[in-house]
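The same subunit A turns up in both complexes below, where it pairs with subunit B and then with subunit C.
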Partner chain A sequence: MTELEAGRADRLAPVRSVAALQRYRDVLIALIAFAVLASLPLFTDSKALLDFVIRCSAYGLFATSLNLLVGYTGLTSFGHGMFFGLGAYSFGLIMQKLGLPIPVAFVATLAITAVVATVIGAICVRLKEIYFAFVTLAFQMLIHSTILSWASFTGGDQGLRGGIPRPAFLGINLADHVHLYVASCALLILGLLAMRQIAQSPFGYTLRMIRDNAARASFLGIDVWRAKLTVFVLAALFASMGGMVMALFVSGAYPEFAYWTISGEGIFINMLGGVSTFLGPMVGTVLLLLLNDTVTRFTEYHGIVLGVVILFFALGLRKGLLDFVAEWFSQRRGAGEGR
Partner chain B sequence: MLEIRNLAKSFGGVKATNDVSLDFLDGSLTAVIGPNGAGKSTFFNLITGALKPDSGEVLLGGVDLAGRSPPEIVRHGIGRAFQVASIFKSLTVQETMLAAVSADQLSSAVLHKRFPLPETRDRAEHVMELLGLAGKRNRTAATLSHGDQKLLDIALALVLEPKVLLLDEPTAGMGPEERWRMIDRVRELWETQKITVIFIEHDMDIVFKIAPKIVVLCYGRILATGTPDEIRNNSAVIEAYLGTEHAGAAA
Partner chain C sequence: MDLDALAGCLSSSACLVTQTTSGLIIGMLLFLVAVGLTLIFGVLKIVNFSHGAFYMFGAYFAMAAYQFTGSFALAMLAGAAGTAILGLIFERIFMSRVYGADVLMQLLVCYAFVLIFDDVVRLIWGPEFRSMGMPAAFQVMPLFIAGGVVPPYYLLLIGVALIAAIVLGIGLSRSRIGKVIRAAAHNPGMVSALGINTGLIYGGVFALGGMLAGLAGALAAPVRSLTPGMGFSVLIESFIVTVIGGMGSIVGALVGALLIGLIRSFGSLGFPLFTEGLMYLFMVIVLVSKPTGLFGKEAA
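Moving on to the complex of A and B:
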């Protein structure tokens, strides 16, 4: 905001303040959400509820980051779970083998993820649609197989056992359940806020242009390949964050974290919650975990129930839950203005 | 000046563009005509980087752009609109314009600020006004009429402030009245913006009325270039393309 811009502010002012207001609004919502979540342990002793929120944090970060690819860029990755697994394993291994402070391990894991995602992304984002989906899936299988067969390093099909050391730092002791809970909530909220910023930045609109019409975007001077690679790496970072939350939660890392079904669940969550709104995947995460927990309690055939739910959303609503709600609201508003 | 030198492109055995050399003076308005399959769109695709030429040069202000990527060529100042309106269907008109200006100002990768950036405002506003889209700024592109989608496509090219603007059949798929409205817009743009405009057009009445210079392509070659009168009376053109109707009308 220079002096010069301030000079011709009258026409620009309203728009600029709208953009600024949106940002403040998002931060405000995030603060309120965090305050509500963080104060939950004051009102309840239910360990199960706190565990549920921690799992929602891990999966929510993962699913929302997948939506940056699927919903915003039109890149349907079937291998996004590899970064969830990579995050969990890198973090666990660093803590077990090197015993670094947790924040250092956290940053180091993000760095490792960035490097791996850049290499894999550089190969994948040249491809389109189904080819992209399959090659990402192939890389997922590759990472999973590596974890299984490199047993001396990764523990093979047993996973990282013996627990992940969680030394206290800055007065935060993640071995304590409530501390872990609050830290997970903080990571979730910060991650969501960062992803929201990405989605609403000029880069976020570049992604939408690529999703709608990549060829046209390149005729506007946009380097489509570079933009796709950038979002691929950014999304991987947040998925990795989710993996780290998971590793902290279970105090270990298991090959299932890197199996393709994690990616499948991510896609499923996005279908449940909807990809046209930012919070759709978060809603989907809560729905899926609720479904999982309740259905598995009543029947061993939970796969059938989940399948029916998928069919209902895919064939019945033809969109995710939050898509449905958002559409309903905009239609009502449209009808209200029209009359 | 845009100079095309010995441009050539083959698909298998078909020479879609065969040794084409042309000069387009700064600020000129040129129509490219020719029968179906004459290589008009290929010619545009070669200039804009959608296709790589087999040989030849595309010189803009003395810089050879042949074979470079579309983003590079756009940055050098050659913008284009498409035969079938090529737009971003889920963005509103205003968002489309603002995002295009962002791309041109090299801020399309900015992560830490909110869209839209204040400095993209004026240019987007200006072009929306220019093409009469300002009243529809909040409409989603997919819901616009066919004509407005074509205008939005042209607006996208124009908002980058190109030196040369290539319009591939700006009136394609339009009714007779809408055609004239569109072509008046194009002419007005050319007059007010002082840019080089090259357009492909099938409607001969429109071409002969507004284009000071016409290029006729046929089987990838230049059949003739000249003023409307020269083209109308060119016997090769009449035989290959126009038939006797227009020639008769001129005589």
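Moving on to the complex of A and C:
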């Protein structure tokens, strides 16, 4: 071993152990979060609360996967909702037409999503910024129009009706509300953990570099197109998972799941929660759903209230909530050390 | 899919004329909205996501003025002037705060106003469908051109939009103000160093864009039903138009709008359920083959 290599190994070793430590910490947090969420039905039998958490799981998976694109890679997709809709429809159709066991349908849907996302991504990711946003939006609307016009297969504007069969598997009966709840939480936590691993992996740091300076990344020998395509497909898979949770929850799939407003909400959630922290989108999801639920209860003009809240975030805080809190903390710490 | 209907129409001059005029009015209305969008993008470098709201306000202002005064000309004026003022206020108070900020932040401010404006309209005019009604002056026999039916109002609509396009095109390329606007689009720092108030120019351009969308709304008010949220589909379509034509290009907006209008009117014959899909398909094809749009300039 040369002196140089020895020096490098010394410097690398602590970094690696820190990464391993962080991974254990993430797994621990995930386990605790899952334990807390899963034990919730023991303390309350409020169906509304459990429903709320299920919806948070569906949207949270979707919004966090969008953050992989927006926050980590700098790819502002306006059409990410297409994979949410695709997941819901593929899963619903497989269950209705083929009657496969749920895990098989789950994996099959992921496979379909991966193929579609690879084709669409291969076309989209070579475009820059606003054009990327528009092409993804166009693909989203193309899928939405296809769902609407292929009525014999997808049920058209009525959506997939008649319910999605939910046969029990391995002792898990998703037709049961509590089972569905625990399964949704498990999918959410597993999905978040997997996305966290992606974000903290060397590949995740490659994405950050592409976001900050794509030209430099490609000078360093990174195939930018391939990295972008990879994260596009990965994000699509998690969005599709969110769509499946939603389809299981409402026992159907509706064209609105594939409409561009879903993508708009995803972007909005990310802005609300903050894109520079991993859990920002999750915070944003809870905030938006809470806001939607409470405001619609008090006034029929919830657009005005929601709009004013958004303005407060956009013009007042100028960043997402978790970003704001994180910055505030680091500033305080900085001030404390300065003294 | 109904390709026979499409082929049948293409071989009959009556149907051809009817479909072409309906495609032209869709295209012309879209052009007025899209050209404002493209102008605002070209000069201010922001994507005005709330542009559809101006179209909606134009229609509602026109309806209110028409019901109040009974004059069609005043209704058009109210639609255009009202949205111009609204655009100026909106730009000066809110949008000017997010210049240079993250694109997402700008979109978020616009998104907030889409929600707010829709609800404001619902508060004032109610959530149900409203209709302005065709002014008496245009309730005459439709014209028959080569066997096709053309309502006279359509001719007025196409004429007004064409005049707006020509005035805008010449104004931007020939007049002093037009030159200043183009200079501000190119290099705002230098323009302001020459003693020109760029804030005023930005506000003016936004007001102009809003006014064009409002005019489109006012022109559409007699032939379309008015509802809160009506701006949305128009917004999405005019986005498609600007993207196809090339962001920032006025000629592109005109060509894109006419193409989309014709695709819509003829597509509704051949592919009744997939008309929207056709537009998006067309957009994908254009963007993949030429990402900057048909008339867009390559980024430096």
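Everything below uses one rule, namely that the second predicted complex is superposed on the first by the 325 of 339 C-alpha atoms of A that agree within 3 Å, B and C clash if a C-alpha of one lies under 4 Å from a C-alpha of the other, contacts with A are read in each partner's own complex, and residues count from 1 in each chain.
Throughout what follows, a contact is a pair of C-beta atoms (placed from the backbone, for glycine too) under 8 Å apart; a residue touches a chain by one contact, two chains touch by 3 or more.
Note that the structure is a prediction, hence the values are computed from the model and not measured.
When the shared chain is aligned, subunit C comes close enough to touch A:Thr76, but subunit B does not. By the touch criterion defined above, A:Val308 reaches subunit C but does not reach subunit B. Residue contacts after overlaying the shared chain place A:Asn213 against subunit B, while subunit C stays out of touching range. Of the two partner chains, subunit C is the only one touched by A:Ser149; subunit B is not. Residue contacts after overlaying the shared chain place A:Arg23 against subunit B, while subunit C stays out of touching range. In the superposed model, A:Ile267 makes contact with subunit C only, not with subunit B. With both structures placed on the common chain, the touch criterion links A:Ala138 to subunit C but leaves subunit B unconnected.
In the three-chain superposition model, subunit A touches subunit B and subunit C at no common residue. Residues of subunit A touching subunit C in their complex: 70, 76, 123, 127-131, 134-135, 137-139, 141-142, 145-146, 148-149, 151, 156, 260, 264, 267-268, 270-271, 275, 301-304, 306-308, 310-311, 313-315, 318. Interface residues of subunit C, counted against subunit A in their complex, comprise 47, 94, 97-98, 101, 103-105, 107-109, 111-116, 118-120, 122-123, 236, 239-240, 243, 247, 271, 273-274, 276-277, 280-281, 283-284, 287-288, 291-292, 299.
On the subunit A side of its complex with subunit B, the touching residues are 1, 5, 11-12, 15-16, 19-20, 22-23, 197-198, 200-206, 208-209, 211-213, 215-223, 226-227, 230.
Those residues of subunit B that touch subunit A in the complex are listed here as 48, 50, 69-71, 74-75, 79-80, 82, 86-91, 95, 98-100, 102-104, 107-119, 121, 125, 156-157, 160.
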